[in-house]
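Each of the two complexes below includes chain A, the first together with chain B, the second together with chain C.
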Partner chain A sequence: MSVGQAFDAWKALVGRDLLTEARTMRSLPAMVLFAVTTFVIFRYGLDRTQLSGSLAGGVLWTTLLFAAVLGINRLFVSEREEGGFDAFRLTPAPANVLLAAKVTSLFVYLVVLELIVVPIFALFFLPEFSSLLPLVAVLLLANLGFSLLGTVVSSMAVNSTARDLIVPLLLLPLVVPLMIAVTGASAPLFGPEGPGYERFGEWLMVAALYDGVFLLVGYAVFEFLLED
Partner chain B sequence: MAETDGPAISLRGLVRRYGDRVALDGVDLDLPEGQTLAVLGPNGSGKSTLLRVLATLLRPSGGEASVLGARLPGEAWQVRGRVGYLGHQPLLYRDLTGRENLVLQARLNGLDREEAAESIERDLELVGMSSRADEAVGGYSAGMRQRISICRAVLTRPPLLLLDEPDSNLDPEGRVAVRDLVGPASGRTRVLVSHEPERALAEADLFLRLGPSGKVEEVGTP
Partner chain C sequence: MVSVLTVLFLVVGFGLVFFWTPMDADQGFKQKIFYLHVPLAIVALAGFIAAGVEGYRHIRTGDARHDLNSYVFIHISVVFGVAVLVTGAIWAQASWGKWWVWEEPTLVSFLIVFLLYCTYYPFRYAIEDRDRQARYASVFAITAGVFVPLNFIAVRMAESVIHPRVFATAEGGLPPSMMWTFLVCFAGIALLWVTLVKLELVGKRVNGQMSRLRRSLGEESAPAPGTRRVSPQAEV
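Right after this comes the complex of A and B.
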């Protein structure tokens, strides 16, 4: 299969995922509802109308992580239940085309989720919105990490009847370094006096390194995970 | 033109285990190109497992297997896209239409879009699904899913067809409709699993009878 054909196969798989989600709304509404409800709980649980620093970062990233888990749990369900794995393995498309497609689909889900819930987070907890622009870089690196790790973990868990348990059990310990990095990068952005950039670049580098490691891990193991 | 120099399928002592259970136990077979093999046997004798091994969906646990000149499992990538597989599951996404499923499969196989679209239309017409191809597969009857699944299996015009109960869920009209694609007139090498020995043997050049433990009980010509 040529590079052009592999690229077209990737586009076809991403298109299928997004079309199916647009038709069925099985993942995104649940992720959004979960995130918004969690913000409401934090707002009344902490009894605070404004958050700053690492507390604001912690609330944002904890919520996004658990909302992402909902999408990750369902990422390969149709492949498993409707024979999509077998249908894919009967074709000459390399396994990593499916990896790339699922990473892309999950990344898109997370971007859509954040487009909806991050402004709600800002309305609930931030005194002003100037931190949102630099936050985009942190969100993109976090999304890539969640997508890469989530796709690998989801493909490992999907054949188990305890899928809903296995995904968080495997994912949460592995995602700790990324969570430390993105919380570290976003904490100064949520400073009480407006966004600061103390060690911002360093934490972004750590997040990018994490993404790079899981890109290599995914590339190395995904074919093995897909095969019998 | 011949696809390979040797037989289309060659098996020597093929073994497949699921944990401790042996599903296929030392299967030997040579199937020349263009011929039809009927695989017979009771439930649980390993017929479907044999098809899944030949389709590269399962790895052999032992022995040697060669399909279209490629040794399994090491050269499985050479077989993919050249084998039409029809199993128990239709391998179709329920939320896509029949046509969308076939177009997706064509793109995963790297087929030219225009040629694939023409060939999909032809096949849909042949199996009598043209008018229903734009409905979601989730709303199809089992027979309609089987018809679309047959279109999927022959999409790449593969030289080898692996057919597990191809007539299942099809009404008499449907059985006639799919014959041009997967019947003896298709001119392809075929492996046909069936619970109806008379029907399978009527189309077969060779037969393989598996016993309850996955051992070969009989190989021969009908």
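Right after this comes the complex of A and C.
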């Protein structure tokens, strides 16, 4: 299969995923609702009406991570329940096309989620919004990591008898290094005296290293998750 | 043979710990847990990485023996991991007065790795098809094996370094008596790991043979309810 054909297959798969999501709204509304409710719970759990520094980073990233888990849980459900895996195996496309397509779909879900939820977070808790622009870089690197790990973990969990349990169980310890990096980068951004950039580049490098390593791992192992 | 060596090294090693090594000038007698804690941690982590290598060989060759090795490596290393966390907590209490110290990157990294490998069991048991179970478990072993060093980098960066640096310090590291004792203890613990792995593999082989004999005698091969076998079995 040529690169162009693989690209077409990738486009078809991503288009299918996004169209299905747009029509059924199976994951995204739940993720958004979950995130906003979690903010409200943090407001009372921490008893704060304004957040800054590592506390703001912690609330934002914890919420985004758990909202992402909801989407990751459902990522391969239609493949499993409606024969998508078999259909994909009938095509000559290599397994990694499906990996790339699912990573892309999940990445898009997370971007949409953040476009809605991060401004709400800022309105709820932040005194001023100048930290949001540099935060975009952190969000994108985190999304890539969540998408890669999420796709691998979701495809591992979808064929087990306890899908909803396995995804968070496997995913949470695996993303700890990424969470360390992104919270480390965003804590100074939410500083009380405007955004700071202490060790910002260093933490972005760690996040990028993490993404790179798991990109290779995903590429190496994914075909074995698809065999039957 | 290995088991005899294990006993020999462990007895000699701990003999040296108590009767030969000097008292640590700073920590005194408490420092002696170092000869147990550090070898356990290194052996457990090496076991996790070796399990990843076996997992890789399993998905490359499809040979179920590698999956069995990977399973047993992880199993014994998780058991060692419990011992690492307990001895680490005791050492932390002895030298810093607290059972758990979050600023201590090596111990925290180890906890994260340990938590990840604990999920190996529920994950493996949740997949019913045997081939798929073996394949997915190997993918887990590879992913987690890659994760181990990455995790240590991230956690170390996040924390100040207060772990006792026993090997390479500015003052010149270990005196020879401590170094030799450490090496003997390390060899003892590594041999203990090998012995336990071998024991576990023999157990699996015996189980496999037993159920084959039962089947050939025409007995019901389905396991009794509640004892559904989930670990891989050696094919003889």
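Keep in mind that, in the parts below, the second predicted complex is superposed on the first by the 228 of 228 C-alpha atoms of A that agree within 3 Å, B and C clash if a C-alpha of one lies under 4 Å from a C-alpha of the other, contacts with A are read in each partner's own complex, and residues count from 1 in each chain.
Note that in this section a contact is a pair of C-beta atoms (placed from the backbone, for glycine too) under 8 Å apart; a residue touches a chain by one contact, two chains touch by 3 or more.
Computed from a predicted structure; not experimentally measured.
In the superposition on chain A, A:Ile166 makes contact with chain C only, not with chain B. Look at A:Glu227: by the touch rule set out above, it reaches both chain B and chain C. Of the two partner chains placed by the overlay, only chain B lies in contact with A:Leu13; chain C stays clear of it. In the overlay built on the shared chain, the residue A:Val217 is in contact with chain C alone; chain B does not reach it. In the superposition on chain A, the residues of chain A contacting both chain B and chain C are 227-228. Against chain A, the residues of chain B that register as touching in their complex are 55-59, 77, 80-81, 83, 85, 87, 89-96, 100, 103-105, 107-110, 152.
Within the complex, the chain A residues that touch chain B are 1-2, 5-6, 8-9, 11-13, 16, 19-20, 23-24, 78, 82-84, 86-93, 227-228.
Per the touch definition, chain C reaches chain A in the complex via residues 59, 112-113, 115-116, 119, 122-123, 126-129, 132, 135-136, 138-140, 142-144, 146-147, 150-151, 153-155, 157-158.
In the complex of the two chains, the chain A residues touching chain C come out as 152, 156-157, 159-162, 165-166, 169-170, 173-174, 176-178, 180-181, 184, 202-203, 206, 209-210, 213-214, 217, 220-221, 224-225, 227-228.
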